[in-house]
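Pasting the structures here.
Here come two complexes built around subunit A, the first alongside subunit B, the second alongside subunit C.
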Partner chain A sequence: MKVLKIVPERCTGCMRCELACSYEQTGAFQPSKSVIRVSAFEGHTSYSPYTCPQCDEGWCLTACPVEAISINAAGAKDVMDEACVGCKLCTIACPYGTIFYDPARHKAFKCDLCGGAPACVDVCPRAAILYEEAEVSDWVGPFAAERTHGPGGALTAEVK
Partner chain B sequence: MAKRHVIVGGGTAGWNAITTIREIDGGDSEIILVSAENPYSRMVLPYYLSQEIGEAHVFTASETRLGALGVETRFGRRAVRLNPNDNKLILDDDEELAYDDLLIATGSSAVRAPVPGADGANVHSFWTLDQAKEVTASLKPGVRVAMIGAGFISFTILNALIKRGADLTVIEIAPRILPRMVDDAGAEIVQGWLEERGVKILAGAEITSIEDAPGGGKTLKLKAGANIEADLVIMATGIKTNLEWLEGSGVEVNSGVVVNDHLRSSDSNIYAAGDVAEGPDLLGDGKAVHAIEPTAMQHGRVAGANMAGLDTAYEGSLLMNIVDVLDLEIASFGNWNDEDAEVIQIVKKDRPAYRKLLFNGGRLVGAILLGRSRDIWMTNDVGMLKGLVQSGCDLSEWKEHLRGNPFDIKRAYLAVGASGSLIPETLLGRPSVPERDIAVQS
Partner chain C sequence: MSDSYAYAGQILRVDLSAGKTWADPFTPEDQRKYIGGAGLGAKILWEEVPPEVAWDDPGNRLIMATGPLAGLPIWGTGGLTVVTRGALTGGATNTNANGFFGANIKLCGYDALVLQGRSEGWVYVHIQDDRVELKDATHLLGKDTWETQQALESELGLSGHQLSVYSIGPAGENLVRFAAIQGDYGHVASKNGCGAVMGSKRVKAVVIERGGKGISVAHMKALYAAADEIAHNLQNDPSTKGLYLYGTLGGVRNLHGMGALPIRNYTTNVWPDGLETKKWEGPSLREGFDHRGHQCNACGMYHCHMQVISSGPHKGAIVDEPEYEGWSGAGWATGATEPSEVSWMNTQLDRACVDVNEWGWLCGWVMECQEKGYISESDLGFRLEWGDIEGANRLLQMISRREGMGDLLAEGVKRASEKVGGEAADCAIYTMKGDSPRGHDHRARWEEMLDTCTGGGGTMDTAPAVQPTEFGLPARIGAQDPDLVPLAVGTMRGRRHFEDSLGACVFTTRVRMEVLCRSIEAATGWDIRREEAMTAGRRTATLFRAFNLRCGIGPELERPSKRYGSTPVDGPLKGVSIMDQWEKMLDIWYETVGYDRATGRPTAETLAALDLEELIEPLWGKEAAARV
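Let's look at the complex of A and B:
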């Protein structure tokens, strides 16, 4: 399956992926509605996006009491708005923290790989997000570990 | 001859067991589903009450879907006796069903506080579709509703009652609301939030009787304080597991049917799943009844896999709940009330935001989160905290940082490699298949 492969070393923190994603998903250029999220490391000198890895278990999919999450043509777990009642069970079931709740619409929403043409990949000027055949892996973890130890990282207390 | 599985109870656990058996055997066995009610999802009843969804939306396994999966049904019928010695189940119309293996998935029912008048007119429970219909029919704007019990279930229907225009009073016998879901600090924030929005809350209040008032209403008498007048009383005072029919069967029962990590009871061809089962606890060596939807789903799927002949062990269930009341999200996980745990806790003063993290050494074992629905960190962090509890990743290096800012959970989550350790995890050792993608030969 083609997945979103993240290469954090290339990310500059420009947030274009968040803008494109929120626009594609909701019609608004509003990072808070994006389902790909950029985090800052080392005092805002390093960045990385993070999103749903379309995990094999699909904790969100199996948790939903009304079967509102299905697998779309791109192989992504996708919320069907007309079926979702907004109970948020999927948001506590997903151990990756990558399914969100829109309080205005009372619906859950998540990365659906834009049906096979991910907008974030399109707009990333540094090719930090690739859409390709790959085994899902923890793209961001090692980068985050490395970038949270030095001065300005979260763990500055450790290096005083 | 094809193996015959008998499933007793068509709720979340029973339905998930059926779809899992079919996902694995493609139709190669007999399945009979006995269920007192037509299968539906109890936990979406609050959205039926609020009239956001119609009745059709609550049903899960219709006769048509079950037929397509090659399942025979006995709806509206109850199991009344189990005879493991000759592998027979007896129904309320005396039908005897022979089985090769059987799943006990009879869930739980609402219990009412033992108060005089608790079974009177206009006093309702809210656990089944029939009960939900009664309450739905009695609601109109301005109706005075007295809700007895301020636990999780009563909070799941609070929004719906307000949305339907009810004038709501919540009465709780414990000294504070949500006694089994959040701690004192959390309860105080929730109570303040609700009172500011016009919900009347009486905690530490004991009802001594519920009487008919002249003119058709109800009068609730309290041990101390003024009477409460209401048009409608809803009792959300707890649940009990539906075990009576197992009496005399010899199946081992404690708080629920005791099952091992394969969801097998003391009889190896009798399984139990969901609210009725006492199974492995993810965070302890012991067993627990976790009467929540995700546990019923997981139990059902693991039991189904084993009934279909796989050898699937279950790591254990994790207690987790999330509910919003008037746009305040409340969530708790795992051992949120563990008194031996090391606690990191913070209350934000400028807005309702509360977070409590509980550690056992470097391992997160529980959490409480409170915050406005529109604060996006709420639902983002809920999942990551669950992932940290579930994966058991070592957060030792991060504890000091989190003590200063327990809201900065994401970088900790990423840096300890939580997603990496979760990626290989699946419940049944393979990718999940949505029910509509299961192929069954006819």
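Let's look at the complex of A and C:
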């Protein structure tokens, strides 16, 4: 299936993906409600977005006691608001930390791939987020490890 | 969420003397009239800072404002504008930085922060949505700006852009008159000693958590269409393409070609023999380092980067890639010619936190004075030769802690050179108001010298014309044309003030005003066009001027210092003197902007046209006010 392929080396931390995503969630630019989130690594020199990898295991879907999470036409795990009771079990079950709870609406929320036209992909000025067929789901791991400990490359100096 | 689109609708107020915080409304009427940023700051400064309140008086206001585009998906919209009564000129300050300040404070629910009073002990202002606290900052004293941000990240458990920290370094704590405010690793509001004002209020930092609120806009699809159009123009317009690809790195080589690269305190305009000039081209300055994008809010420019020092004693150090102004102020003005050394020094200036332009003129002046024997080794405590980066850093640390001769030099190059006197006084670069010129040799850029000398915000006001054909000016204006230069500076006056009111970056607003206005219309729902935008900008410029006149800063000070206005001795402009044309240029500029040449005051007609009738009486008296 087509997934969000993340190329962290291209990300500059401009947070435009968070703005676009949050608009899809709330109708306002409100990054606290974005389901794609940018993290910083190694002294503000490296950034990467991170969001639901739409894992095969579907931990959130399996854990939901009221069957409020289904698979949408784009293949994304999707929370059905009318069924969600806000118990947060999905947020506990998810090993990726990419399903969230909105206390204002008392609902879980997560990436639904915008139904097949992801907004974050459209707005990224560096093409650091692509929407492509891929088997891989862990796009950030090796980058995060390298940019946190810096075993190779020149960027190993501690920022004093 | 606010009633009006694109704005948070609130101004956060902090009275440091009383330890009180509250929010005032930023009304829809004031939003439309003053826009935000510089415009909002000018209004507050005029209304709340009377002439008897000096820059270091608790009654002074430190206004940190953003504008309607901040936090939106238009490129480069994390804007911060600092407005205050400044320490160098004793007049108005309008100085800008980017990063994430504007986005993060608006997501907390505020369009601006206004600091007033003076705290008893050192504090930092911690803003977390509706919760605003003054917290003890004793443990942060003495830390540089990057150390301060790192310490607060650890303290608050937040990283990346979840936390914006805009702080002063040791220079601001010690009231160095050209101290700056730095934030988000490399973004500096630098002019007119705004950092000294923050220090005089005993505020070490303003700390903003990325807020939980939302920003709504009038027309979302039109906003993205306008953002895409701006991006497309920046990527393809010949006047901005270089900026898009390399930020301001191309400036060094281009300005040298014009005779506008300031080398060794304006003593020469020619590169030294044997210089590897290739190293100073934009692509080399970028690719010569391990570099990584470090963009501001929503920005797609290849502009701001972090880099790693590639060689020398500081190899491996992470620094902020210098802007042109850094290569110039931390480098060429002081005779330094090795990019990796200049780059390292540039970040030391951001960390101790002083204005890089004033630094260049001050350090270059000290170096020239030592060479010529006006300042002895025992006066300074050591020998400082042209291009000595380690010595320059030693001087920086002395100044930012006011140690030894650093105490005098901390007063800025105008005051220090006047105190030393004699021939040394003739070598210093400044305007008679006390502004720090930008990092060019303005003897080859007459528009900027005229602009800096007539400006009201602590450096140039208007800047070189952007998209001038939109204003009926020729596409290219000769940098030494005594008729067109003042006409262009006068005609464009207001555009930069408007840009500085938007919460955006001046490098991403370099498109036609009609395009920029479309983005504001989409965000706010206003049917705003170029005329309204320019009127708003000119209103802001005029408020700053009125404020300065009220502080006693008049047209008699609108000229360069002896060295600043001198005649180049070599290079492309050898023997060409701006001062021969100075009075003529002032005549044309005054006529164009609608100010009175003799008194410097905006005329009553100009004030009325700008919807500033309330200024007529304070500037011209009761009778004149009655006539309008």
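Convention: the second predicted complex is superposed on the first by the 149 of 160 C-alpha atoms of A that agree within 3 Å, B and C clash if a C-alpha of one lies under 4 Å from a C-alpha of the other, contacts with A are read in each partner's own complex, and residues count from 1 in each chain.
Just so we're on the same page, a contact is a pair of C-beta atoms (placed from the backbone, for glycine too) under 8 Å apart; a residue touches a chain by one contact, two chains touch by 3 or more.
As the structure is a computational prediction, the values presented were derived from the model and not from experiment.
Undergrad: Once subunit A from each complex is brought into register, does subunit C clash with subunit B or fit beside it?
TA: Subunit B and subunit C fit side by side in the superposed model.
Undergrad: One more residue to check, A:Pro125. First (subunit B), second (subunit C), both or neither?
TA: After superposition on chain A, A:Pro125 lies in contact with subunit C alone.
Undergrad: Who touches more of subunit A, subunit B or subunit C?
TA: B
Undergrad: So in the superposed three-chain picture, is A:Ala28 touching just subunit B, just subunit C, both, or none of them (first/second/both/neither)?
TA: Only subunit C; A:Ala28 stays clear of subunit B.
Undergrad: Output check: A:Ser39 vs subunit B and subunit C. Expected answer is one of first, second, both, neither. What do you get?
TA: After superposition on chain A, A:Ser39 lies in contact with both partners, subunit B and subunit C.
Undergrad: Least CA distance subunit B-subunit C after superposition, rounded to whole Å?
TA: 6
Undergrad: Determine where on subunit A the residues touched by subunit B overlap those touched by subunit C, and list them.
TA: 32, 39, 154-155, 157
Undergrad: Could you please specify the touching residues of subunit B with respect to subunit A in the complex?
TA: The contact residues of subunit B facing subunit A are 12, 16, 41, 43-44, 47, 52-53, 57-58, 60, 293-294, 297-298, 301, 320-322, 324, 327, 329, 331, 333, 373-374, 376, 378-387, 390-391, 397-398, 400-401, 408, 410-420, 422-423, 425-427, 430-432, 434-437.
Undergrad: Considering only the defined contacts, which subunit A positions touch subunit C in the complex?
TA: By the definition above, subunit A touches subunit C via 11-16, 19-20, 22-23, 26-33, 38-40, 43-47, 123, 125-126, 153-157, 159-160.
Undergrad: In the complex of these two chains, what residues of subunit C are touching subunit A?
TA: These residues of subunit C touch subunit A: 1, 71-73, 75, 100, 103, 107, 146-147, 150, 159-161, 185, 210-217, 220, 224, 231, 290, 292-300, 306, 308, 310, 316-318.
Undergrad: Flag every residue of subunit A that touches subunit B in the complex, lowest number first.
TA: 32, 37, 39, 41, 48, 50, 53, 55-58, 61-63, 65-67, 69-71, 83, 85-89, 91-101, 103, 106, 136-138, 140-142, 144-145, 148, 154-155, 157-158
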